[in-house]
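What follows is a group of structures, each given as structure tokens.
Next, two complexes with subunit A in common: one pairs it with subunit B, the other with subunit C.
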Partner chain A sequence: MMADKKYKKVAYYPGCALESSGHAYNASTKAVGKELGLELVELDNWNCCGAMEVKNIDPKIQTYLSARNLSIAEDMGFDTVMAPCNGCYHNLKKAEYDLSHDDKSVEVNARLSGKAGHNTYEPGKVETIHALDWLKEAVGEEEIARRVKNSLKGMKIANYYGCMYTRPRHIFPEKDKGPGTESTAKPHFMDDILAAAGAENVEFPLKTACCGGAHALSDSDTSTKLVLNILTTAEACGAEVIATECPTCHTGLEMHQIRAEKVLGRKTNVKILYFTQLLGMALGLSANKVAVQENFSDSRKFLKEKGLG
Partner chain B sequence: MPIHEKSLIRPEKLVEHEHLVIEGMDVSGHWSTFIEGRSLTDYNEAMQDEIAALPGGENIHRCWQCGSCTNACTVNAINPEFNPRYWIYLIRLGMEEELLRDKDIIWQCVSCNKCTYACPRDVVPEAVMKATAHWLELKGHTPKSPSMIFDEGFSDQVFHSGKIEDSLVLRNFFKATGQPLTQPWLVAMVTGLIKRFPVFYLIRLGLLTLFHPKTKRWGKARAAIHEYVEECETANRKALGLDAKGAE
Partner chain C sequence: MTQGQRRSIDEVTDRTDQIIGATTDALAASAPALADELLAMGEDVLVAWLEAKGQVPTAELSEGFRLLAMHRQAARGNPTFNACRETCREVVFHHNLIRLAPQDAQTPRHIRLGAMVVRHLALFVGGKLQADGLGDFCCSSRPIRQGEATDLKTEAI
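Now for the complex of A and B:
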């Protein structure tokens, strides 16, 4: 029965990217949640988690920034916070780990929280989950398959998870626990969800390869090479679409797909869509509703041909 | 070519004979490459401790040189000169001069954490790379890398407002590094979007330029973070035997 499912109502931490370049991910995540009867309550007055940059100034500031968000979830009475962005998800998980294992992190967090005048977060109070955990757990494949209105049947998808969803392993203690749990070496939650929506997932060896997101602008030639490798490999595996679950990966793939064409003269045709956009359309939502028009890459013609949107 | 990681050997120390006969045995071809011996006297004995004192460098002493990091490395796959195992080796031995030969690429670590995933000794090579890049900059061996310029600009925005707005991060970074915003790929990216949905896009772009996102009641957190950042900077410089910033 539905009633015993977890995560029906969770705190929602969109993060900075989902308010600007990754707005399509925000819109499609909310639309899918609404369609499936799940409640998302946005964290009140949240702040940036520190992304991939603040740790290079000092890692403990990143721990503090993430812990402040966890303390807000706790204040709001939630024991679960859902973050669709890999960076946010990773950093909240890392804060949880560091505050459980490193005294110096605990001390700095207590000091900064005290001076900033809010509750000091203590580990164990709030669980951080990804949008993939959320949909897999709160709804599940069977329910998704039952509710599909426009099956993704015949759509060949390469599922791309990037770096921060699985690495480093020690901050994800719930992964690699055998059948049913997520794998850090070969993640499959997105594959499972999209397969339930009718998609044909291709065997894709670069699921957890790096798109160079941290240096998307500061070392763009390296990023373009890494992205081009991901795009051409997906095409070689027979994929028409790369499904993403991180705004940094998504924007990185789109940005460097265009850059590879303009700078290296290497054109690739594989479409790049958030998994929530694909799932939303399978559930009967329009392409506009899941904000396909907001992506930097243009998939509208392709989706029409597939009878979606 | 029988010498593994030949690129790590100084070219002038490599001796290759086209024809070589040793004790009547013809060893031309495959077995005729030799490395001339050398003795080193110039070690920087403080280097490992200094890098270990910077955030992320703490576990460098645990490395037992298995090479899993380099084998897993994303950047190594596109540039064989990018070799975390080798750099950790040089740092641990104090071979500063050798390390400095690669000083301009160490910052290129993309933080994918494949090394950290593979490392059997919890060295956290990703963090060691960041600490090493930081050390090179603080010691004045390299100018501030594009990566550090980006990280600082990004972090300043977070510390100041509690949130970032990514088009502002992009514009500030391009300005700080003297790159024009009119690069063909960037123009293509934005015009493609505008063509599709001009009104919505222009309104949102306009709003974001006028009202940068920020966390409310952030003042105390901002002050606390700034104070802590200053404390970290002082501690880092002290660990490297440098004067306090701006003291000279």
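Now for the complex of A and C:
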């Protein structure tokens, strides 16, 4: 029952992407949480997690930047912070791991925290979870199925997790613990949630494959080819929709779908939607409420045909 | 498991395109050979990567497969290569799936999907090789200027 579930009220770390290109993910995550009676309290004065850019220059500074967000959560009285973006989720988990295993990271974090004038985060105080963990644990499939108003029945979905949700495995000690836990080899939490909403998940062999996100701008052709292969494989698997749970992957899939048609003359029809948008519409929220109009790819006609939005 | 002539990464993508576009009857008629060919092409891709990095590709097996052993070899000291760990495992999975039931009605579909997975591995590794000068092709890459990292910059702050 809902009363027994954890994560009903958690600190929320949207991260930079969800305030810009991934705003639709932000809006739909908040809307789904509200609809399901979950409380998200945004971190005060949060900062960038260090993303790819800082980490590529100095990983210890990235660890500090992520640790600062965890210290804010602790100061606000939370023991759990939810990060919907794979990059943020990965970086906060990595900071937690590094601060538990690397003395140099501990030293740099303490030094920079002192200079910045805030509490030094100590590992073990705050748990970082993904939006998938949040919905799976705080609500669960049974309750989601009970709350569905517009079933996704008949919608064939390829669930795409990207490569950072499960990698590297050592920073996710809670995964691969057997039944009920997430798998790093074949993640299934998004599959479980959308199946509870009525979707028909297809077998998709590239669910954790690289989308080329890191080189979306510096080497666009490689990214376009990788994305095109993901899109065509999803279609070959029978998918009408690719569900995403990462703003970088989502934006990359959408933009390179357009670029593949323009540059390579390869048109694909598979729709790209955040899993929170699909879940929100299944729960009875309008397409506008879950910000479908903010997506680059236009799936509104498709959604209307499916009786959603 | 490697058989026949070794293919370049471009030749692998060309060949996977041919397999994906082949008729269902053609795929069904030579399913076991295609299963082995897909696995061999996956190995060719990793051989290309390891040789480009100045390493001798291992002949050992991991879980019964040289492809997985070579992936472990390539990822040692280079964790970004784990971005294609599951892709390599999917290549093996599809090989086994096809080999296990070559007469199954779904086998041509599995061959096409296996070819798409091999193509992804080739595109990923090919991209990494092309982008070498730009730094690691990865969202979780190591510092571009490894030797400069941490002390000087954190001290400066």
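Here, the second predicted complex is superposed on the first by the 309 of 309 C-alpha atoms of A that agree within 3 Å, B and C clash if a C-alpha of one lies under 4 Å from a C-alpha of the other, contacts with A are read in each partner's own complex, and residues count from 1 in each chain.
Rule of thumb we're sticking to: a contact is a pair of C-beta atoms (placed from the backbone, for glycine too) under 8 Å apart; a residue touches a chain by one contact, two chains touch by 3 or more.
These numbers come from a predicted model, not from an experiment.
Placing subunit B and subunit C on a common subunit A by superposition gives a clash between them. Contact with neither subunit B nor subunit C is seen for A:S100 once the two complexes are overlaid on the shared chain.
In the overlay built on the shared chain, the residue A:T233 is in contact with subunit C alone; subunit B does not reach it.
Of the two partner chains placed around the shared chain by superposition, subunit B is the only one that A:S20 touches, whereas subunit C remains out of contact. Set against each other, subunit B and subunit C differ in how many residues of subunit A they touch, and the higher count belongs to B. In the superposition on chain A, contact is made by A:E294 with subunit B only, not with subunit C. Legend: residue contacts after superposition of the two complexes on their common chain; A:T181 is shown touching neither subunit B nor subunit C. When the shared chain is aligned, no partner comes close enough to touch A:S286: not subunit B, not subunit C.
Touch criterion met: A:L65 reaches subunit B, while subunit C stays clear of it. In the superposition on chain A, A:G117 contacts subunit B only, with no contact to subunit C. When the two structures are aligned on the shared chain, A:W46 is found in touch with subunit B, with no touch to subunit C. Clashing C-alpha atoms with subunit C appear in a single stretch of subunit B, chosen from 25-33, 43-51 or 115-123: 115-123.
In the three-chain superposition model, subunit A touches both subunit B and subunit C at residues 52, 55-61, 64, 108, 111-112, 115, 163-164, 167-168, 209-210, 212-215, 218-219, 222-223, 225-226. Contacts from subunit C toward subunit A in the complex involve residues 20, 79, 82-87, 89-90, 93-94, 109, 112-113, 116-117, 119-120, 123-124, 126-127, 130-131, 134-135, 137-145, 149-150, 153-154, 157. Subunit A meets subunit B in the complex at residues 16-17, 19-21, 23, 45-48, 50-61, 64-65, 68, 108, 111-112, 115-117, 163-164, 166-169, 184, 209-210, 212-215, 217-219, 222-223, 225-226, 254-255, 258-259, 261-263, 293-294, 296-298, 300. The touching residues of subunit A, when paired with subunit C in their complex, are 52, 55-61, 64, 87, 90, 104, 108, 111-112, 115, 163-164, 167-168, 185-186, 205-206, 208-210, 212-215, 218-219, 222-223, 225-226, 229-230, 232-233, 236-237, 248. Note for the complex: subunit B touches subunit A at residues 55-56, 74-75, 78, 108, 110-114, 116-117, 124, 127, 130, 134, 145-152, 154-155, 158-159, 162-167, 170, 173-174, 184-185, 188-189, 192-193, 196-197, 204, 208, 213, 215-218, 220-221, 223-225, 227-229, 232.
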